[in-house]
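Labels run A, B, C and D following the written order; every chain starts at residue 1.
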Amino acid sequence: MAKKIKVGVLGATGMVGQRFIQLLEGHPWFEVSEVAASERSAGKNYIDALEGRWKQAAPVPKRIAGMTVKECKPGLDCSLVFGALDSSIAGPIEQDFAKADYAVSSNSKNHRMEADVPLLIPEINPGHIALIDAQKKNRGWKGFIVTNPNCTLMGPTMVMKALDDAFGVEKAFIVSMQAISGAGYPGVASWDIVDNVIPFISGEEEKVETEPLKILGKLRGNSVEFAPIKISASCNRVAVRDGHTCSVSVQLRKKASVEEAIKAMENFSGEPQKLKLPTAPERVIVVRGEQDRPQPIMDRDTGRGMSAVVGRVRECKLLDIKFSVLSHNTIRGAAGCAILNAELLKAKGYI
Amino acid sequence: MAKKIKVGVLGATGMVGQRFIQLLEGHPWFEVSEVAASERSAGKNYIDALEGRWKQAAPVPKRIAGMTVKECKPGLDCSLVFGALDSSIAGPIEQDFAKADYAVSSNSKNHRMEADVPLLIPEINPGHIALIDAQKKNRGWKGFIVTNPNCTLMGPTMVMKALDDAFGVEKAFIVSMQAISGAGYPGVASWDIVDNVIPFISGEEEKVETEPLKILGKLRGNSVEFAPIKISASCNRVAVRDGHTCSVSVQLRKKASVEEAIKAMENFSGEPQKLKLPTAPERVIVVRGEQDRPQPIMDRDTGRGMSAVVGRVRECKLLDIKFSVLSHNTIRGAAGCAILNAELLKAKGYI
Amino acid sequence: MAKKIKVGVLGATGMVGQRFIQLLEGHPWFEVSEVAASERSAGKNYIDALEGRWKQAAPVPKRIAGMTVKECKPGLDCSLVFGALDSSIAGPIEQDFAKADYAVSSNSKNHRMEADVPLLIPEINPGHIALIDAQKKNRGWKGFIVTNPNCTLMGPTMVMKALDDAFGVEKAFIVSMQAISGAGYPGVASWDIVDNVIPFISGEEEKVETEPLKILGKLRGNSVEFAPIKISASCNRVAVRDGHTCSVSVQLRKKASVEEAIKAMENFSGEPQKLKLPTAPERVIVVRGEQDRPQPIMDRDTGRGMSAVVGRVRECKLLDIKFSVLSHNTIRGAAGCAILNAELLKAKGYI
Amino acid sequence: MAKKIKVGVLGATGMVGQRFIQLLEGHPWFEVSEVAASERSAGKNYIDALEGRWKQAAPVPKRIAGMTVKECKPGLDCSLVFGALDSSIAGPIEQDFAKADYAVSSNSKNHRMEADVPLLIPEINPGHIALIDAQKKNRGWKGFIVTNPNCTLMGPTMVMKALDDAFGVEKAFIVSMQAISGAGYPGVASWDIVDNVIPFISGEEEKVETEPLKILGKLRGNSVEFAPIKISASCNRVAVRDGHTCSVSVQLRKKASVEEAIKAMENFSGEPQKLKLPTAPERVIVVRGEQDRPQPIMDRDTGRGMSAVVGRVRECKLLDIKFSVLSHNTIRGAAGCAILNAELLKAKGYI
């Protein structure tokens, strides 16, 4: 077998960074050769830099535990870096890596909405990777940045894509009930969420209302024409560990029955499935027939956390079709999508 | 002071029945003289009939603890009964009491949508009590039944009324995150809700989509003309003890700014406030200015559990105004509203 | 490969019954050929008999979903049955199967303390299976019953065995914090456990104080001489899905340092490990060095839910050594142990 | 009525500081005249200094909201300060106030175990306030410091006192299940406690094993002779908002029946009850007869959060008597006890 591609993880000690470490363990194409984090962590062994904050049920992979943590600066021994940095610092760091000929697959929000940066969900808009050429040219970079979207819109947007292909989507209402892992660690204080709902997540609704328009948009030359869809989002935090649930209603351009909508969802498949990318779920959207699904506890690990799980597809009194959709926020909605993006880049010859 | 009116509680051992007992303790107008429950409980002391299932933090009132539980049949020593029975049996029992000259203030769903039965929220449609005359005439009853609505729509409907009076309401999207107490006791299994969201509550969405139309409707002679509002509801259960939170968007007939909408909510007041009914909250709708309210833990007991608490009033990308609203589901949304209904009946001379 | 042994599951639709189904899927020696449950379920497909109450994250195995549920009566096409029945009915049913030449591996409490019935934890007292001969003789049965103990004592007893072998155990204090799955489904009402602790579990303390004495006892001819250990148990329910945590203190006959105690735990291994039984964990007791482990979320699935995980081994101000121990209550503490018992029976030629 | 005593709260913006503000609102003897906090907060209005982190259900008292926050330095306009500072800074600050003629009633651990500092639970050791005279003399201070103990030992120690008076207590096992509010705010991360138990709280067991020995000790001249009791504690964190539950076993010097033990607990009363101090609960220890109490949800507010609630008093297989005890950790176990201490000081003429 061919040699694996060396990859680094930026922000490797945080919640999403840990997910990268965990999901990349045993990856058939990629091998973690570098872990990087804050200056405070640099120089320590990864296990020590964690300071007891490894928050995954599976233990720290042995090979990684003993690695020396580096600073988040070019010079890492790898050609691809996964970005799991806090948005307060991610922007310039990711740029530095791109300038220095690294491929950057980032989970941070900083560059998502820039015109020449692909905002990718490989099942939806794989063609947007063509922006990379414009990006390199525009910026004079040797490397490049691709991004994956906000975790909350992941499930709704995959379903909207399936419906958009089949019937056209005009409008969508999205109300989220989001897991605590979405806020990182330590993130949400237990005092704020035990026996409670918090009806606000800073900056979240703006992302859910705008990022899908780029993702579902059409590539026109060197830029993306945003999709003509209007979205209204309300975001809530609930006492769930992993898995964002959304109550969604959509208005279609061409009317469709509930059965037709379900069929469009179940039949939806994309480039990652065609290319059999290692992290791609067999089924992008799983539609459950039970009246009380999806549920985080039961469904969040569907497709190893990479499928969107839909239930309660029914008519809406105001728009056309409504449903509940769940997706795993730190796998499909973060590290898993960034890895799938990198797999697409590899399959398409970008790395 | 005048002698208190004797009241009975039907279904006194259940979750809502216990709330009635608790809220009626020390009531200035009403005095619990009878507690009634299933055949199995009849003949026992109330405290024994509870079989250890008193689920309120405050202890069983001493006077009530020793009362003998009766069967749910006319013959009770009282003129008013509060109905907290399961809907599987409430229908005929409440009718029997109404026939036998009792005033029935029911929290059960059975008679809510019948044309000559008032479905009351005293701040919204106090005039609907006039249906009582038609009801007695139609049915040849000496007594009568009034009902309060489903707990989930309570907050949204109070706000819709305020907005409807000021600007007219055309459409509403309502997504609920409902407390476990709404399912009674034992109700929701802990296995189903710890670390979970359940995106389904049987029969709930239908109630939320239709009952407000009657409540907000206009009395025309002997019946109610339903309000011309379209509502779409999606109901979810979350791991909260008390207090239903809803994410709501509304379309107005006359455009209004966020400030105007807030003003309409804050200024909203009704008959119970004018009449200073004992259970009426001073402020029907409390609008919080913080960006992360309302929250069940912080806000559910506002106005002794009788106020609707609103926050995050803002523009909606699809309709006009959106906001979060919380109300206490077993107080304002059940026993408290039924008691307020009875207070209105008393103030208006019906009992 | 040899043909698999056909097994039946009694009480297959309940919480522990579902665990049996799940754990037996793909088992190398056993194959579920029969699922049996209450009269009400009999005759239905397993999936229908579940009535939407499948409570495992993994879906119902396809082969099992379509099986016809039988009544819990001899006549099943299998030679071994696993018992997951409620103790209110398990006693005579299990006897009927044993009389009718079935091997019964039961998780129910009914026969555990009978003198000629093995109460087995295969790592601790595999020799007690010799009681089977006495049992068959005493009762004139062709088949027999073996049992596994209560879920709560599982972790503490495995650790006590390791310490008893090395130093002798005289006394033990055990305070449990037990998961909700231990009460079955629907089991603990969410109203009783969200934001709460319940300091009582019916009958539990008696089991934790007495069953270990039999398990740790010595086989003397046809009966077990109970171990001369005094145990005091206090059992609490907490808002955890799976995994019972116990704070334990033990008094040793021969003094031991903390390091020696840890070494005894880590080195402990038993017959299932020697025989490489399919369900046996590689390590019976895993000792964690972090100061804040074991934790249900992080540790309950250690050894596929079959290991006891220990942490905070330290000196006790009153007895000698204290520690925390966690084990998965529906795997190691129920279905998993019963399967391991059956594997031991097979390895020893009893089935 | 006499003028109220002006009091200040040090660390007024934190979790316990907020409890002080809340409990002192409307206090008959004390009036908050100063709120002090970190340098960062100093100069701001209290409401602004909170930065949205008011974490009590009742709103910020209006009078306090507008007060200017001061630094934690002498010069405050008051004669008594309540200490709610983090232990990393509380030590020297409290000393500065004591030197400067303030009475300091502190909830911090720093000075608790110093020989001339009273560690007070007014129902138990009111006489220990005599140490104040030695303290002032030893240290040449005009003012003085009194302290209240760690929150976890509060319930068990009040019960031990009742039993010690009646029968003598020799040994105690204490296993705690502690609320998240005990860790302050933000304190315990939700990711660490939803669906989890943490079997470790830094420094807690040492406090629970030693502080009661001083509290239950005898004043001999200018120092306290520690009580000859051996305590072993194991401390756990659970997903409960407020209220620490402990499973406790005690060995008595003189044997007592369960009934006698209950009688001793129920009859226990102290100086605060005799003096009718405003914050004193009517009953120090409330013994519940139900088999499944105390429970945080049901019992933590007993005696306005100042009573210890006991249940399941029964024989212990190892020691003599075992029971469960609950007390409210931020009221009885923190701010409430510090206020009660101050009331005792006032009643005894120390302020």
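Worth pointing out:
As a convention for this text, a contact is a pair of C-beta atoms (placed from the backbone, for glycine too) under 8 Å apart; a residue touches a chain by one contact, two chains touch by 3 or more.
What you see is a predicted model; the values in this text were computed from it and never measured.
Ranking A-D and A-B by contacting C-beta pairs places A-B first.
Of all chains, the one whose mean C-alpha position sits at the greatest distance from that of chain B is C. One simple way to say how far apart two chains are is to compare their mean CA positions; for chain A and chain D this gives 47 Å. Centre-to-centre spacing of chain C and chain D amounts to 42 Å, using the average Cα coordinate of each chain. Our note on geometry: chain A versus chain B, Cα centroid distance of 42 Å, whole angstroms. Residues of chain B found to touch two or more other chains are 194-195, 239-241, 291-292, 297.
Chain C contributes residues 52, 57, 194-195, 241, 290-292, 297-299, 301 to its touches with chain A in the complex. Put simply, chain B touches chain A in their complex at residues 171, 173, 175, 177, 195-200, 209, 230-234, 236, 238-241, 245, 247, 249, 291-297, 311-312, 316-319, 322, 324. On the chain B side of its complex with chain C, the touching residues are 15, 55, 180-181, 185-195, 239-241.
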